[in-house]
Amino acid sequence: MSALLQQVISGLSTGGIYANIALALVLIYQATGVVNFAQGEMAMFSTYLAWTMINAGWPYWLAFFTTMVIAFVGGVVIERVIIRPVENAPVLTIVMVTIGLLTIFNSVAGWIYTYTVKPFPSPFSSAPIKLGPVTVSMQEVGVAGVSVATLILMYFFFQHTKVGLAMRAVVENPTSSRLVGVKVSQMLALGWGLAALVGAVAGMMVAPLVFLEPNMMSGILIYAFASATLGGFNSPGGAVVGGLLMGVLENLVGTYITFIGTELKLTVALAVILLTLLVKPSGLFGRAAVTRV
Amino acid sequence: MVPLLEARNLEAYYGWSKVLHGLDLTVEKGKVTVVLGANGAGKTTLLRAISGLIRTTGEIRFDGVRIDGKAPEDIVRLGIAHVPEGRGTFPNLTVLENLRLGAYTRKDKQEVRRDLDRIYTYFPVLKQKSNSPAGLLSGGEQQMLAIARGLMLRPRLLMLDEPSLGLAPVVVADLFRIVRAINEDDGVTVLLVEQDAVGALEVSQYAYLLETGHIVSSGPADELRQNDSIRKSYLGY
Amino acid sequence: MLRKIVNLVLALVLTQFLAVSLGHAEEGVTATEIKIGNTAPYSGPASAYGTILRAAGAYFRKVNDEGGINGRKIVFISYDDGYSPPKTYEMTRKLVEQDHVLLDFGPLGTPCNSAIWKYMNDHKVPQLFVYTGASKWGDPKGHPWTMGWQPTYHAEGFIWARYILDNIPNAKIGILYQNDDYGKDYLSGVLDGLGNKARDLIVKQQTYEVTDATVDSQIVNLKNSGANVFINITTPKFAAMAIRKAYEIGWRPTQFLNFVSASISSVLKPAGLEASKGIISAVFLKDPSDPRWANDPATKEYIAFMRKYYPEGDPYDIFNVSGYSCAQTMVQVLKQCGNDLSRANVMRQAANLRNLQLPMLLPGIVINTSPTDYYPIEQMQLGRFDGQRYELFGPIYTAVSRGKQ
Amino acid sequence: MQLPASAKEIDTRTTGLRATRPAAASHARLWKLVGLILTLIVAYLLPLGLSNYQAFEFTQVFIYAIALLGLNILIGFNGQFSLGHGAFYALGAYTTAIMTTRWDIPYGWTIIVAGVLCLIAGFLFGLPALRFEGLYLALATFALALSTPQILKYFDNWTGGSQGIVLDKPSVPLGLPINADQYLYYLTLTVLLLLFLLAWNLLRGRVGRAMMAIRDNPIAAEAMGVNNALYKSLTFGVSAMYTGIAGSLGALAVAFVAPDTFNAFLSINFLVGSVVGGIASIIGALFGAAFIEFVPIYAQEISRAAPWAIFGVVLILFMYVMPTGVAGLLHRVLERLTRRPSKESSADNVVATSPAPADPGASSPARAASGKHE
Amino acid sequence: MAANDVILAIRDLTVRFSGIVALDGVEFDVERGKIVGLIGPNGAGKTTLFNCLSRLYTPERGQILFEGHSLLTFPRHKIAKLGISRTFQNLALFPTMTVLENVMLGAHSRTKTGFFRHALRLPPVAKEERFIRDVAMESITLLGLEHLADHLASGLPYGTLKRIEFARALAGAPKLLLLDEPAGGLNHEEVFQLASLIQQVRERLKLTILLVEHHMNMVMQISDKVVVLDFGRKIAEGRPSEVQRDPEVIRAYLGDRI
């Protein structure tokens, strides 16, 4: 029983990692209608910036907030400079540009910082906490907590602010948005900025757990993508729940389905997700788009 | 005669092909002006040209200020609301959110709330359904929503593109009544593009007739109603 | 007209054919240059290893600065293969056929080397000091043109097993290994070492994939299996995670860590020095972050080399030590070749290393090869991490490499 | 926040297949024919002037082109996504590897078996995949790609596990006066041409129209009597078959298969090639293949330190210059070259209404043609 | 009227979407060779009824009999083959294909060669392709779209797009044609032409037509019978002249303008 519990807890903490990045993916999808393949690498790169500052002796929180600002500005600049020329191109073309960004960030990070893993400090204590039979670390709880907090902020932003509403409108119908006075390209830039910011926070939360290295996000991004899909790509809450579920599911499959063991746990976890989606094609919490014939 | 909107030698392009050929057009302040024309004559293009959605040459002035070459989002801020053909609502946003977007450029929160109430009195059905996604409304309701959204801007010029399209006769009649009320009670100037010439000429004071990108005739609505070719092509009597 | 074209075509074909079949006597060597090729993962999942070959390349630059080898400068051409075997094959062909290198030095990764194994031996191009610890590279009969360098994974696993049998009487062993041939090679070494006791002693085996985000779940399972010995066959990042997670959930087994991840600076420090206490690893290189070597002249020279020739690399990364040492082995072979820089002679000399001492090898460990022994380094010593450094203990093991059995 | 209906994600402006305007049609056809014949002549004479290594490089290009064509048929012509074609590539490769090494079956037969197996596998995978659209289909297929290396390792009795399988390179038959690399070149080129011809046949008639109709507007397609489920699954099967044959040839060319070859990056690379070449185009597959083969190699020549940064920059610049791929650009150039002065473009047939006359917010298919933003 | 003259019989048709009743026990017959107008306010359920006929929706209750067979036993893609073609209210063309190709798809259900034969371009393929092209050109010519045959089906005026849909529906050689607001976007003169076209087509091709339209002049002029829906219920059925005078219909739909 305690083994099961410990697996679930450990799954939740890994799931928290997925959830953080999934949230950033969903955010940018909601704000720009594009799945940004470079999301993970942008987060990784921001985290390196934070690492550089901390290494230079800055206090953690100063580095944290400075990185957030840089990430936001960086996101805006990327949209303005790199995405804008293909703003009107087909979505797949934009996706290709994000793949290009992915390789650039990954490669440049490796070039500047090398591929040696680096520890990244956590704002939370890493001392283990005993909860009955299971042990968690404050760090893991913190990661999950931050993703929930980000989720709440995002929900508020999208549902209850004028700018959030405008951003949703832009994704749905850019022309009509312009006709009500929404500055579409500003919204897209803002969307990239926000997504980069959320990604940077996620990166700084995740790095203490998985260590900082240029490829730290490649695996996570895949899981995050699966999580976002499981939860529903148009549902931030779904992304978080999807991420946590993904983490737990993976652990339980690896632990209890013994003939599969850890060797096929990813495969089985993905299969379970696909089966779920077969029942509910727009994700657990996603809404199907409204269409009329 | 006070012109609110003036177009001089207006030409517009889709890609490389010219679709408006040197139009001159005036919309008088406080009046309803209608543009009639066959399918494909360039009526929709005209509205899109005015609101800055397509490339144009020539001159467009709104209240004396040149607006040609400006971006749509800036033109909206001057008080021109464009209700596009096919309504252009946001189907996955709620009715209320659609309406809030209509007032996106306004800063006067109090007034916006008051306008919302007033618009609900024009279109009570929108109030009932204010929390359902716009995409679930029927065609007529969506058209009302589109017009209501335009009104939320508290525009000085309201441009309606075929508002009667696909609507039941009884709804069309209602719609024209509302357009007239908006014009008379609120003093909103209206530029209307319509196929239903009978209803349109009834509510409007001035009319233009467009054929393949040229204005072929224009005049007070009453006069045009007497015009033989218009009667034959557009009114059917 | 038609006949002319046909003739022309045939002539072209024939010249091509001849060009191929005649071969080239002394590829990659001129009076002033020796061309050496390499493929390594500078991108992709295994890019952490790329630094090994960057360090090696830096060492070749140093050799060139000091006058080269018998007056010839080394031209080192290293391509990125992203750890993808077809890419390795392609880039290797480019090295051999386009760049005309003398030999392929230190191609990295078991699957990548497998992809070119046949090609290199068919074309009789030396595939020297391949950078993987799989035991299959020491096969002078079947593949005389291919030679490994480091102690085999199998050998290291074997040493652990022997140690456990001798020193931990009631061992219950839990193993975590990467689900690929690197992991499985280690595993087989452990199994062979334990012999018929393996079934009783091993209580749990867990695998992970390089794409996994964490190995938390596996560590929890290992703990729950009741194991008191933890054999950790993982690459640096996962090793650090595993050590830390085990510590966090209060699991305190005797830990064996593969030398791939034995680095103090890039594994044990990130995992936490406290959490790493007691870890046993088999070592053959001097870890520059070990205070013991702080005043060792060889280590000092190595650090000076890194600062000068590879400033962006981390001098304390054991991978760089490894690349440095491997390059030194290569240079030794080339020196031994003298002026006969034919491929055949390169292989002859590579199989004729006698008690070669490299500055960064642990004292007492030497390199030996012969026409029947294609395993250059076969000695290791166990060390226990005391929170600061590896306290070496016990004898220098000379492992029986599987290929020789 | 509507989800992208699959068709909407896809640029369909470039259908390399279709003759353009009636007046220009014959010109365009002539241009294309001349181009085709010249290309063929060059292609068959080329290896004589190439080194073995270069011949091998082109062999790789042809192999990729076959795989990309499979992807183009699926994405470009049928509007279904796949980030998982690496799995079919692996299936084809292992089919050949296992059959030739274990059972000594001549490699020629294994290419066919690989194609058939992948056709069946693709069809079977396509059946449940019908339920997915857009991103969700992308995930379903991506899951397939991610699982491939694991599954290959799991069944190590067959696949040799992570050690992989070493094959024999096909030897030159009938004593032809060419070497093994040149032979592989001709073999892959011939298979490529055959498969291109099949694709062209398939796409230009009733079946191709139905496939494209599903992409453009599935509901209308079904109302016209198209059996969407069957067509989509079959298209998936055909697409997988192409990629599987490519995998089979790939195994022969490299003479080695191992799980590390078939990672998720392979599938993403295929997608990159497909988009760069031009997604709704047969000939685009060749350009895309050349891109994914040569750009990474030349990127290394430019920068040893960060070659993939160079690759990324080239990819992005490429997309700026050719947002609809090479084929899209060619199509436009060809159109420009062959178009007569536009007499017929008088207002009454070119006057456009708004791009989406129907409710533009709903998943109006008209937006497919115009990309995401109007 | 003899029972075998009824080509389409709708019985107790009820459709519900998440609690909202879109159609509520609707019943009426369509006689062979007639034009039946289906009118009613927006949201009354007209398009929903069309969508039941194309099997896009499955009714909760009720029956649809086409030539005596229950339509509900057929999958969507079989409907065209049975002889029912339709146009769509909001247009459902294939925008990246030419007008000709769009219309050629209309004939899809009349042909049968599949993947295998097409890939190898076996003999029946060429014959079928010729047949499809001829059928399509015929129906394009009928609607006066010849000059646009090779134009892409996007970027054309709304009314023209509606005509293309009409042509595409005709290429399926239907017995029953469902027209959903064919006159949308047309001016009076064009509506007049469309009305006569519909009548001609009916005569020439021996069609039965079910017509949803808000253009009352046209509906009243060409319909043999008019069915009026309101809130998913049938409120009137009869000859145009009768229906026009029905006070319930005037209140709910026509208003006092006509």
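Note that the chains are named A, B, C, D and E in the order they appear, and that numbering of residues resets to 1 at the start of each chain.
Following the convention adopted for this analysis, contacts are C-beta pairs under 8 Å (C-beta built on N, C-alpha and C of every residue); 3 or more make two chains touch, one makes a residue touch a chain.
No experiment lies behind these values; they were computed from the predicted model shown.
Trainee: Through how few touching steps can chain D be joined to chain E?
Mentor: Step count on the best path from chain D to chain E: 1.
Trainee: Taking each chain's centre as the mean of its Cα atoms, which chain lies farthest from chain D?
Mentor: Using the mean of the C-alpha atoms as each chain's centre, the farthest one from chain D is B.
Trainee: Is the C-beta contact count larger for A-D or for B-E?
Mentor: Most contacts of the two pairs: A-D.
Trainee: Between chain B and chain E, tell me the centre distance in angstrom, where each centre is the average of that chain's C-alpha atoms.
Mentor: Those two chain centres are 31 Å apart.
Trainee: Roughly how far is chain A from chain B, going centre to centre by Cα mean, in whole Å?
Mentor: The separation of the two C-alpha centroids amounts to 43 Å.
Trainee: Quick one: report the Å distance separating chain C from chain D, using the average Cα coordinate of each chain.
Mentor: Comparing mean C-alpha positions, chain D is 38 Å from chain C.
Trainee: Would you pick out the residues of chain A that each touch at least 2 other chains?
Mentor: 106-107, 110-111, 168, 172-173, 175-176, 184, 222, 263, 266, 287, 289-293
Trainee: For chain D, jot down the residues that touch at least 2 other chains.
Mentor: Within chain D, the residues that touch at least two other chains are 1-2, 13, 146, 150, 153, 219, 264, 307-308, 349-354, 357-362.
Trainee: Which residues of chain B are in contact with two or more other chains?
Mentor: 14, 40, 84-86, 88-92, 134-135 - these are the residues of chain B that touch more than one other chain.
Trainee: Considering only the defined contacts, which chain A positions touch chain C in the complex?
Mentor: 3, 6-7, 10-11, 13-14, 17-18, 106-107, 110-112, 114-119, 126, 128, 135, 137, 209-211, 213-215, 218-220, 222-223, 250-251, 254-255, 261-263, 266
Trainee: List the residues on chain C that touch chain A in their complex, please.
Mentor: That would be residues 42-45, 47-51, 179, 206-214, 216-218, 220-221, 224, 236-237, 240-241, 248-250, 266-267, 269-270, 272, 312-314, 317, 319 of chain C.
Trainee: For chain C, which residues are in contact with chain D within the complex?
Mentor: Result: residues 9-10, 12-14, 16-17, 20, 42-45, 78-80, 82-86, 89-91, 93-94, 97-98, 109-112, 114-115, 117-119, 179-181, 184, 209, 211 of chain C touch chain D.
Trainee: Over in the complex, which chain A residues touch chain D? Could you list them?
Mentor: Contact set of chain A toward chain D: 30, 33-35, 82, 85-97, 99-104, 106-108, 110-111, 168, 171-176, 184, 222, 225-226, 229, 233-234, 263-264, 266-267, 270-271, 273-274, 277-278, 281-283, 286-293.
Trainee: So in the complex, which bits of chain D are touching chain A?
Mentor: Residues in contact with chain A: 1-5, 8-11, 13, 75, 128, 131-133, 135-136, 138-140, 142-143, 146-147, 150-151, 153-154, 219, 264, 268, 272, 275-276, 279, 305-309, 311-316, 319-320, 323-324, 354, 359-363, 371-374.
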